[in-house]
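We just call them A, B, C, D, E and F in the order they show up, numbering each chain from 1.
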Amino acid sequence: MPRLTHFDPSGAAHMVDVSGKAPSARQAIAEGCVVMARETLALVIDGTAQKGDVLGVARLAGIMGAKQTANLIPLCHPLTLSKVALDLAPDPDLPGIRITATVKTSGQTGVEMEALTAVSTAALTVYDMLKAAEKGMRIEGIRLLSKEGGKSGRYDAR
Amino acid sequence: MPRLTHFDPSGAAHMVDVSGKAPSARQAIAEGCVVMARETLALVIDGTAQKGDVLGVARLAGIMGAKQTANLIPLCHPLTLSKVALDLAPDPDLPGIRITATVKTSGQTGVEMEALTAVSTAALTVYDMLKAAEKGMRIEGIRLLSKEGGKSGRYDAR
Amino acid sequence: MPRLTHFDPSGAAHMVDVSGKAPSARQAIAEGCVVMARETLALVIDGTAQKGDVLGVARLAGIMGAKQTANLIPLCHPLTLSKVALDLAPDPDLPGIRITATVKTSGQTGVEMEALTAVSTAALTVYDMLKAAEKGMRIEGIRLLSKEGGKSGRYDAR
Amino acid sequence: MPRLTHFDPSGAAHMVDVSGKAPSARQAIAEGCVVMARETLALVIDGTAQKGDVLGVARLAGIMGAKQTANLIPLCHPLTLSKVALDLAPDPDLPGIRITATVKTSGQTGVEMEALTAVSTAALTVYDMLKAAEKGMRIEGIRLLSKEGGKSGRYDAR
Amino acid sequence: MPRLTHFDPSGAAHMVDVSGKAPSARQAIAEGCVVMARETLALVIDGTAQKGDVLGVARLAGIMGAKQTANLIPLCHPLTLSKVALDLAPDPDLPGIRITATVKTSGQTGVEMEALTAVSTAALTVYDMLKAAEKGMRIEGIRLLSKEGGKSGRYDAR
Amino acid sequence: MPRLTHFDPSGAAHMVDVSGKAPSARQAIAEGCVVMARETLALVIDGTAQKGDVLGVARLAGIMGAKQTANLIPLCHPLTLSKVALDLAPDPDLPGIRITATVKTSGQTGVEMEALTAVSTAALTVYDMLKAAEKGMRIEGIRLLSKEGGKSGRYDAR
């Protein structure tokens, strides 16, 4: 059975010792979406084209959210980041907004949590900006798409 | 068509003027879940019973996350909060963890975003603590369950 | 000679006691500008019209900056805010960007510093986004335009 | 025409990828000033000599502000800093306070924004501490004096 | 046996519901000290008189630390504060520095933790500034001296 | 007489220039305790065994507090951290809780302040969680136990 690394042998939570790990180039990509009514999505699409840029605000919130990861997730290591980018795209089939975040660092730990936090913060911001129109929106499918770098190597979601 | 209150008539994002609203008692409840493999859930359940309290750490992260809402969501009003509570329960049917957050304030704006941010931060923390065991977990179904107080009155999710 | 209220009689800095003040509706408006070459301003105007919204990013940074005021200015009281709005307008006569911020609260102290911090953060963000094109830009004329509310009453800059 | 690096080809804001850059020793120096009435400046000079150290408080605020740069400026990279120093000097010719900030790092991006943010935060703090005496003070001339290090090399303001 | 209010009946940590409490004027005073060698204290006293104001820096850190209380102490309610003041005095009998903090609010919960956090942050800052001279300093006797206001009424330490 | 490195020759506080120091592996261990009545300690011990995990909450607060060190202590350098661990143990002889924190980094400055801040934040959190039972608790004996790495080498408290 795998061991949960965030606990020491006595069961106490700790920030794992990564001082023995070599710094390496690392990248993580995460995704998620906000599902909404077709009418709500229309407001986003119209606003982005004309005025009231919901996606631009949420993209910025996601970038800034990535930088808060170590303040939000108790056992995350504070890191410098070398890239944060988000893509937010309306998807009429959901209907809703698909969000993807890519984060890079050169360090001793991975940036999975930074990518997931970026997606999560952007999704919450989409909700905030549209909640006057629809309170029933749902944030769905936040997950890690891929990671590269570090000892555990590459991971790709199926 | 509903107007998006976070934009002024010219389309510029702003923090809405709530100075004309009377302070009132407000509450919001939000939920969400982390879906995982049955083996991963077993690690949580065993750890909580014995040592390595994943749910206790995530609960605390959710409470502290609620207090960061106005720093994370660009157009949220900074608020004092009078209650934050989270419930995290293993659900073998998911399989995974169900998370519910209740937030109260007495103020001029609602606490929907605080409740959703609490759920979201707790879910990310569950992911962080279990990712050594399973990278394929998904955060699903984050949504507002109910809100009370304020001019728009009560909302209950269907 | 006026007394500097941020120091006690012995000269020690302190956060002034406002507990005896009645809460009242307060508003402050501040302004400032970023002066740049005509070619740099053209980049902003083109980008805003088409893609690469410098002013939208800076506006959001200003709103979020207002919320950080009490964390940045040592003797500022932490406050709830009921409105933050920024206007950023290209001015070919500077040439550059004119920034105005309006902040409201209902509380025991004024929001001059919040309005000035919003302008300042937006100006720094304009600099950051354009510095690849011109490092010689200058932030000029940050000042309080007006304040209302509180015992000291209304102030209007000449 | 120079390209604005903070936007990707589609015009979306992002935190630029610096992972390909070699870490190098970097330094930036910025300046600015707070212009005030001669009587207000006299309060500062008297206070610093005797009691009520306006410049000492503002210096500290500037140092701490530099450390908040990545939280305030949306697309700034989080950095470790190896030096932050501020000089605040009364200048009877303004009349007012001249502020200079020097910041160093060894990393993949420059520290221009950290130096400018330090100056800006110190200037706002000077305003805060003196506003009981004079509301009409202005923050003027915030600009980059020089930068060293990195691929773009040395810059000196004219 | 008294009940620990920060846990619900099932033992889960939560931020206590204070929404039923009436806002009232509240004050808390806390104290603590940093014990050091006589030679180290001499450095502080000489520096304060001439140059290198250890106590001024620590006083400011304590004021700013009080404002971070709800971010540091997981179950503390976020509050507005109406006064924060610190007194730091050399005491040759310790030998060392005695620190006292007074905090006021008008709200639904007390400010004991804000006063204790102010003392604690000021004491850590004294240590930081003097550690080049003496690493063996100790922070001692941090405790609540008195509190007023709220349903539980007045408390005075013996 | 030792020089206080946090002041420049003119007596102005600054963040020391460490850019000339080679990065090296560094570790610091600090300790402290919360002294309380025997009855209060019994509440902790019972709660940890059954429900209401005071020590688990305080441990997490200490880990998160270590990450806030550079935001709290004005002249501390912002750092990445490679390990943070806390041990909290009931000690019937105090009676009270003994707290030890171990922090590691690989960088240009030591992590003494991070270890001391972790202990201090955990101690304040213990106080917060138990203050409904006993307001007279005291935080005592916060000190550096040892440090390793850097030019000044190893330090061990007597």
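Basically, a residue touches a chain if its C-beta (ideal position, glycine included) is under 8 Å from a C-beta of that chain, and two chains touch if they have at least 3 such contacts.
Treat the numbers as computed from the prediction; the structure is a model and nothing was measured.
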Neighbouring chains shared between subunit E and subunit F, ordered by label: B, D
Farthest chain (mean CA position) relative to subunit F: C
Distance from the mean Cα position of subunit C to that of subunit B, given in whole angstrom: 31
Junction residues of subunit F, two or more chains touched: 12-13, 53, 56-57, 60, 64, 68, 71, 74-75, 79-80
Overall pattern in which the protein chains touch one another (line/ring/star/complete/other): other
Chain-chain contacts as defined at top: A-B, A-C, A-D, A-F, B-C, B-E, B-F, C-D, C-E, D-E, D-F, E-F
Touch list for subunit A against partner subunit B, complex: 1-7, 10-13, 32, 39, 42-43, 47, 50-54, 57, 60-61, 64-65, 68, 71-76, 112-113, 116-117, 120-121, 123-125, 127-133, 135-144, 147, 155, 157-158
In the complex, subunit B residues that touch subunit C: 8, 12-19, 70-71, 74-75, 77-80, 107-108
Subunit C residues within the subunit A interface of the complex: 53, 56-57, 60, 64
Subunit F-facing residues of subunit D, complex: 25, 56, 59-60, 63-64, 66-68, 79-87, 104-106
